[in-house]
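Here the structure comes first, spelled out in structure tokens, and everything after it is commentary.
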Amino acid sequence: MWQVFRANLKGIFRDRVFLGILVAATIFPLIPSVSSLSMRQVTELSITLSFSLLTFILLLLAIFLGGTSLWKDIERRYTFSIAGLPLTRGQYLLGKFAAIAVFLLLVSLVLGLLLLMTVYVTSILHPPIRPVVWGNLVLAVLFHCLKYILLVSFTFLFSTVSTSFFLPIFGTIAVFFVGTASQQVFDFLQSPSGQKLPVLLQQIATGLYYIVPNFTAFDLNVNAIYALDVPLNGIGLTLLYFIVYLVIILSCASFLFARRELN
Amino acid sequence: MNVIEIENLSKTFRGKRRALVQALQSMSLTIDQGETFGFLGPNGAGKSTTIKIIMGLIRPTTGIARLMGMDASHSAARAKVGFLPENPAFYDFLTAEEYLRFVARIFGLSGKALNQQLERVLSLLDLQEARRRPIRGYSKGMVQRLGLAQALIHDPEVLILDEPMSGLDPVGRALVKQVLLELRSQGKTIFFSTHITSDVEVICDRVGVIVKGKMQAIERVEDVLLRQTSGYDIHVCHPRTGLHKTVFSEAKTLPEIIVSSRDEGFEVIKLEPRRQNLESFFLDIVKSNHE
Amino acid sequence: MKKLVLVGLVLLLYVSVVVPFTAYMQNKPFVEKLGYVPSAATLRTTSLDQQYLVSSTLIMKVLFYYGSLFEAQKNHIDIPPNYDGMVDVIETAVKLDPYNMDGYYFAQAILTWDNRRIERANALLEYGMKYRDWDFYLPFFAGFNAAYFLKDYPTAAKYYQRAADLTGYALFSKLAGRYMYEAGKTELAIVYLKTMLASTHDETIRQSFQLRLAALEETRRAEVARDLFIAEQGRHPKSLAELEQTGTLDFPLVDPYGGKFFLDETGQVRTTSKFSFAGAKKSRQ
């Protein structure tokens, strides 16, 4: 598994993905000047924009790296040559997943540093009313990264049952939509107007809420932008949720992949 | 121990528009340790399908496939097996050296042993010059040789090769033939599929012929060749006129014909046993299956 | 050779298209329409985890729209601003990001003098106070609105107290009381505008505040001169011109909006522009 991880990480780097990210990251230096368009919250806007850039890059990476990873191996018939090795399908899958997960972590680290620098520059030029809480920024970057790692696990889950990259990519985009909206829908169901909906619909929606991932919990943007306190127990619970959910999805993916015919 | 055991194996593919393709039909085969087995069959006969089942890439519809005494789906079964897939493709962003190290490490090699094996297979398959170039830039034959190198890097007991000669030039073929003969003499078990009957003739102990998903014959190569020797071609030449002639004789009449040619003033230049070789054996089976 | 000609031809074609195209784009009337903005709930769902970006973008959109209107007004082009549209967009934006100060600030800037939708402004500020519970600006604005426009002094006092609590700055608690006197009105509007000015560097907004501030300072100057005249002469002046003639006003009053200052029947200083370019234009006609 370790070897599969290493080889795949190398592959991602050799595909010049990282270079592409660095090119995209050249937008960061523009953020301070764009942020000065804000009337009252220049630093806050620069944090908002930096996070938007970071999460956008991570989203693209998660969907395209994750969605094409297994598919590419099958399509280019690498699976045949891997099949001769004394590896279980699960080890192979996890190795590949780990490569992307670690790559996302690395990208988050680099982009996170750029983000901190950008925000620092802005906060020097336009000191905000409430001082920036740097710890919040770091936490928010980390949790965004975890969120996208969770999303990558879905691309793998879909890849194990699909022969093309359509399901992995579009399926994952759908999961992302549902996952970011699920909390909103759930809150609506709890509200008086939600209670007026047909009971069956309420039950189905509530059931779905527990099945689909909840990405809202990973969004600490507001805490980072407006220097609000981060609830520690919430963070802990979210971390646990991440681990448990990831284990479940990866187990399902491994189970399905072990039964997959590799033609 | 039986290295490969296939019992009553069938495989049905569900193709496009729900059409069913019977790729294998109740096939059985056992390969002993130390044996060299040639797997012959026309295109689409089911050779690769059989090999994929043995390597656990696909599951049989019915029947059992065992490798090293374990079910083929067990990854541990492959620990002492070297495998070359048909038209192989490897992580092409790596160099040959990196790929071989990757494979070797998965087989549990490390340190000095790994380096030794690496040098051995690189020189064995004439890949020393290209070792630091990405596989992306390799020619078809180079990839094929790398495929053999990665199958041999952990010095496996068993080799399962799907068309090891495909894509190779005559030099490469001779090289691979040499390598296989060498392995055979070391007592390794070799199972390979091919279209080339002459390779089977030279390398194999046993041959199996598969047509349309059914095993048609499993024979010792020696037996086939012996049974098929039908007579001799006698090449003669008249020293004065320079006239060349080839005369066919059955084994029984051979001495008489040589004597009578001499009497006519011819010199015998070459005596060739006309073996109706493996090729005709193979073609006969395929033909009879067509009718 | 042939290739060169071909390349040249294509280039020529491009130039001959791009020049009129650019000219067309430049001369297009600069009316940055606010356009259709979907509901907050829809936006929140479709913006995925970019709702803060979407919120900021919406506010920028309104700001640019306002900027173009302000330009037009300065050039005496009268385009009636779509205030309701602007505030709708801002309300959507702060639903996406209830902490977005730009939204509250901008709403406060346009809903007051320009538009006189004070209740709407204060409702929005109330909403913001629930989230930005550390920010004294929101109660400060709300207090100003309540006192200056609504003349609801108890409510204003409540807001100013809140602003004072948040800053520990006693000025705010005194402000409400001073509003009770008509005389204090101009002075305190000046304080308000100075606070607004100090906390932004957006050029459009600054310009609009500076204009108003200049006008208010002129008003104040007139009021001071008027009061001085009353004290010295024991009677009300007939007109502002009288103040100038007696030397109580040392140099003529200038309305930056282009209007003319005058004294109304009750003796209050007013201007024909009513603090807007449009008003000045109307009064001249």
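Observations, loosely collected:
The first chain written gets the first letter, and so on, giving A, B and C; residue counts start at 1 in each chain.
Heads up, the rule we're going with is that contacts are C-beta pairs under 8 Å (C-beta built on N, C-alpha and C of every residue); 3 or more make two chains touch, one makes a residue touch a chain.
Being a predicted model, the structure only gives us computed values, none of them experimental.
Taken as a graph of touching chains, this assembly is arranged as a line, each chain contacting the next along an open chain of partners. Think of the whole protein's Cα atoms as having one middle point; the chain whose own Cα middle lies nearest to it is A. Between chain B and chain C the centroid-to-centroid distance comes to 86 Å (mean Cα coordinates, whole Å). Centre-to-centre spacing of chain A and chain C amounts to 41 Å, using the average Cα coordinate of each chain. Averaged C-alpha coordinates give centres for chain A and chain B that are 48 Å from one another. Multi-chain contact residues of chain A (touching two or more other chains): none found.
Looking at the complex, you find that chain A touches chain C at residues 36-42, 44-45, 48-49, 51-52, 55-56, 59, 126, 129-130, 144, 147, 176-177, 180-181, 184, 215, 219, 221-222, 225-226, 228. Residues of chain C touching chain A in their complex: 41, 44-45, 48-50, 52-53, 56, 60, 63, 97, 99-102, 105-106, 132, 134-135, 199-202, 205. The touching residues of chain A, when paired with chain B in their complex, are 3-4, 6-7, 10-11, 14-15, 76-81, 83-88, 91, 259, 261-263.
Here chain B touches chain A in the complex through residues 52, 55-59, 75-79, 81-94, 98, 102-103, 105-107, 134, 147, 150-151, 160, going by the rule given at the top.
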